[in-house]
């Protein structure tokens, strides 16, 4: 490798204070379906998470899994229906969502973490009744809105040294199960944990003033400015609910929220351990 | 209710020493697919488990789920294949097994425990790499044989007050996933935990000398006699591997193993908390 | 025994939540001289107390012992004197009271608990200066009124796993010893301990509207109603100070107070562990 | 006071290392009936014990009470009988012994300790089944011989900061109560506690070569020499069993045993905290 | 030794309550250069400190060392300069002060404590940045005034069982080192530690109304009176800043401050452990 | 900075496992007088030590200080004498050695660590009697040889979060003080601590086959080969005792010993946190 010892020392003297700063602190990583580009990429991301965990950072992973759900629904010849970008979820569909998210995607991430030398426990919002929900609207069926989160199981697992991996499913008091947007779950969990930061791994560079020009990346957004950016159309479309989750997380006590391009190799290591930020930071 | 105070006192003075004896001790309950007769019955069994947990018994639940797997395979038009009573499992089938066991049956039991006032965490053998496996035979595909169990996650969860619910899936060091017989998993887990007892909830009365006559129930079997009972044909068919698991569990340090008729209401309460045994006890 | 498994399950499912509810909670039992009918009965009551202790309830026993005191005074040819139902206690009599209560009755109960498999430590109000007193009135001599209670020794013994057994004797700051009414001591101790409940084992059914008709038992009394019942003559005679102790205990933070017929076999088990109340409950 | 500062400093520099040496160590004091000369003297001895306790020594007091027993038996017109210097104890006498030792003498010492600012808990060998016994001989009735001691309650009370005060009564497994020699109980308890020392407060100067001449005091006896002293008649009469208890205590692991003249004011302070020994030391 | 047992008992019964009272409490001893009369005297004082430590008192030693500094400056041909009784300290002098105080006097005291059986750790105000300072005045050079004290290292060492020995040197945030008056450091450290008492070992009897007549010693001074005593000239000269430190210490939460004649043998033992005070007490 | 994100990620993914491996482990760093090239360099080295400490490595610093000692001796017109490369140390010289090492060099390093954000406690071998010594030979005066090391104070300080900084001075049981070779002290301390590694910062590249050619650096030496390298003359001169200390350290349980060129910037960071070794490793 062509990196000189002086350069190494530079990287290390820059990284070590971050390592100390994050020691024993909680970072919630939201790993969206769109950023799960290949199996190799998933393996690399899980490797980064294990590294962060090994130096004493308490990492919590919240994941989505849209593409996998669609594929299974198709195999079972159930036609997915969407309304305003949200999946309409009848009982039969919910059964599949639950199976795919908690039984397939979740366990595969757990398995990859195990393969990278970490120890993960896969959870859904039903485990320990962590995520309580109610219907988001009558028309959407079993699409849920979070009413309450209980992070005790996550804290217990962190204390025992595990990496909790959470699928975005919840239930109401009667036991009905709901499909919930993973950004929302990650924001609420991070808020309740008073996480030091929430890193949302997406398939975009961050917030761009001109979506066609990466050089127009806005690197920092104070949450008080977010509504202006929406009003001015700089934040638009599917990015709006994402940003609203970021704002919500900060309001509930998360230190910093980052929207980063999860497809970039080792994006999370660079973000966490160097002075140079990538993506957009909300504070 | 027609039970007199004197009778109540009798039941209680009989039960209290058992309650003391089991306090803080581990009981592994294997809940087989055959004993999951109705949703109402499942709810009742989970209620009993919560009661036992509430009086300080550390309950671990291991479950199967054959019927549900078959149903989903059918829905996905995958034809189940069996060889010597064991499901032949190709990669596609394994995917379904994993989804149904860990994503559906497991989470439903977790959900019912939550509804009964308990707090459960659903696990597979992949979580915390708890169950390591290898192929049972070349022909059976992803049917696994247990090579190693790691019960630390179960102990951590018990210490934190949860009821661990485990689906019978494992993986090898490379991350390949295997479907494993739930009796075997329960026996190995119980052995490693040095459980006070393992209760196998099945769809039979126990070991009967004459299978057509319930009155011929053998209430106690010393593990040293088990092979004679097999040789003499008293234990036969599908009961043979079940009994071998019982013997294995005792050999690995479990105090007592019970095969009981899980379809009987509150069977597990009666078995645990009264002088009167039901089913067959191995010691 | 003619109790069916279904009936057993009923008793148990009813009892288990109480067992959980009382776990690690404090129950003060006042065992009055009148309820100490026979040695066999004492042994049975101590057996019940050991059972409750074994399932994790922190039991404190406060006892009286009037009949035994009278008998010994007689043997020593000291004529007992009473004034308004309270024993007039000169120095010589006090010496005998102290010896009989703390040296005989107390140690016999301790001995019976030991015989039933429990571990008790017998105490008087002098030990650890737990009960401080002053003369109730000039005429009654060494009959005391509680001025202060110190429950640290009781808590220390409970924490170390013992059943504290307390005789109702106290002393003032100069070391003079006083005979105190056991109901009062039990109420004050229970109040200071913020006990979950105080169970007073007496020789009556509880509060009866018509003392000749057991069917007129009042099963619940709100402490705010007690004075009306006294005014209306429903509570009268020796029951008045007893009820005043119950009211006092509730006011000082005890959850529930029960006056039960201690002569009924296993009365305390039925009261504590079933839905069916016996006697009168104050709340 | 005529003691100069230099003399004070001498006493203190001599005492402080002993104070450090005894800190957190156990001293068992046997306070015999013969040394309980007056109430004022008892108060002074209990004051010394409280001082020792306050500087961190874990003091255990074992007491006798012969004179008080005789007096009460007399009052109750029960004629005391002796055989070979041991009281013959029928059931009626045992009742009185128990009442006087555990209900009167014990509680008076507890009360004096309380008055001196300490916190004592009075115990008999029945409490926590600490002293198990069997009949010493058929003729002596309820005179017991120690078969087993259980010092857990004493250790629990020491840990909680109390001074345990123990009367020399024990019981057998069936609950029969026995009167036991206090020297024996003290020796066995000290041995089981591996006490740093056992101090026996008696009414003699120690072992004298010539009983009429205090100047012939033997200040140290190696336990291996004790039998010679008995054979040679230097130790004789009632001193023989006392010395045998000393030897027994050393054999069971007590560091040092002292026979001192308990009637001398502050004898125990001088013995414990100065270079100058009084009485006879066994090692 | 001519001290009778009765006199010993008197000294001990007087001392023991003080020993209890001081157990686990902090005493700060300021040992001034003037009181370090001979090596033998230093050994005796360190011996007393070890004795106090051995009976459970948490002793902190703060020392000066003027005479030794002067001697070394002389050897190095650096002329000491004084201004208003305070040493003018240039960089070269400061280097010597630091070396002598922290490298010589400090380590000799540590060594003497080790020789007396104690375990000391020598510290300066630089260690753990315990004493932060700024220049007292422009003219005095590196003579410092305390701006902040951090006693965590002292508490950590006390908790681990050591005797901390502190030289009166501090530094500012940039790392410049300052020579600080030892009385001031002792007073600030004692105040921050909320010490039970501060004992200042000096070369005077205490505050005398008539400096020529020891019989006019003022044994107690309420801090509110100190300014009157200064105004009236009774406290004057070098005693003024000393007394101001005493007042400061009391104001910052120290229980009692004593100015004693450190040249008297065992002065500190007499002061701490007898009713008789020597020197002047501020409260 | 011209380091790309990919390169940063490479450095980090390489470093993180080392960081985990060293977490909570002990590294002893020996900082020799020869490597203390400038004040700025000392500041940089102390900065590296603080960084290592901040990521959870328990760093112990042992230092020499020959040049500073010589300079002060000169100032005090004491002529340094050497015999076989070891300083002959009379009482007067020893006084200076002690003052310079423990009062000057030690406190300056402590001060620099404080300035870099760490918290150090400066110690000599006298503190807590950590280093016991005896004369190395009659002719050398107060030059000592280690007879015993007591690392409890170092462990206590590490547990409390401090960086212990130790000067190489010791004493014998009588309190005579000795100057000891810093390599020896570091090796013995590291051995007693069972340190994970000992890093000796010197003014050479390591062991060179040809001392004039840096390319002939021997990067690894098994301790069993060291004597051959000495015999063959590859290790010679002042390097021989250094290497003997390395061998001694490994024999006493240190995991790895490194001789590195302490003059290279950040040498210790590169050595500890990258795959690339610099200098010579003994194992």
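First chain written, first letter: the chains are A, B, C, D, E and F, and each begins at residue 1.
Just so it is clear, a contact is a pair of C-beta atoms (placed from the backbone, for glycine too) under 8 Å apart; a residue touches a chain by one contact, two chains touch by 3 or more.
Because the structure is predicted, anything quoted here is derived from the model rather than measured.
Asks: Hey, which chain ends up farthest from subunit C, C-alpha centres compared?
Replies: Measuring from the centre of subunit C, the most distant chain centre belongs to F.
Asks: Same or different interface residues for subunit B and subunit C, judged by whether over half of the residue numbers are used by both?
Replies: Because over half of the interface numbers appear in both copies, subunit C and subunit B meet with the same residues.
Asks: Subunit C to subunit E: how many Å between their CA centres?
Replies: Result: the chain centres lie 60 Å from each other.
Asks: So the centre of each chain is just the mean of its C-alpha atoms; given that, what is the distance between subunit C and subunit D in Å?
Replies: 35
Asks: Two or more other chains in contact with one residue: find those residues in subunit F.
Replies: none
Asks: Indicate which of the five shapes (line, ring, star, complete, other) describes how the chains touch one another.
Replies: ring
Asks: Quick one: ring order starting at subunit A, direction subunit B?
Replies: Ring order, starting at subunit A and heading to subunit B first: A, B, C, D, E, F.
Asks: Which residues of subunit B touch subunit C once you look at their complex with the stated criterion?
Replies: The contact residues of subunit B facing subunit C are 1, 3, 5-13, 15-17, 19-20, 23, 47-48, 51-52, 54-56, 264-266, 269-270, 273-274, 276, 278.
Asks: Could you list, by residue number, the parts of subunit F that touch subunit E in their complex?
Replies: Per the stated touch rule, the residues are 72, 75-76, 95, 98-104, 106-107, 110-112, 114-115, 119-124, 126-129, 153, 156-157, 160, 162, 169, 171, 174-175, 177.
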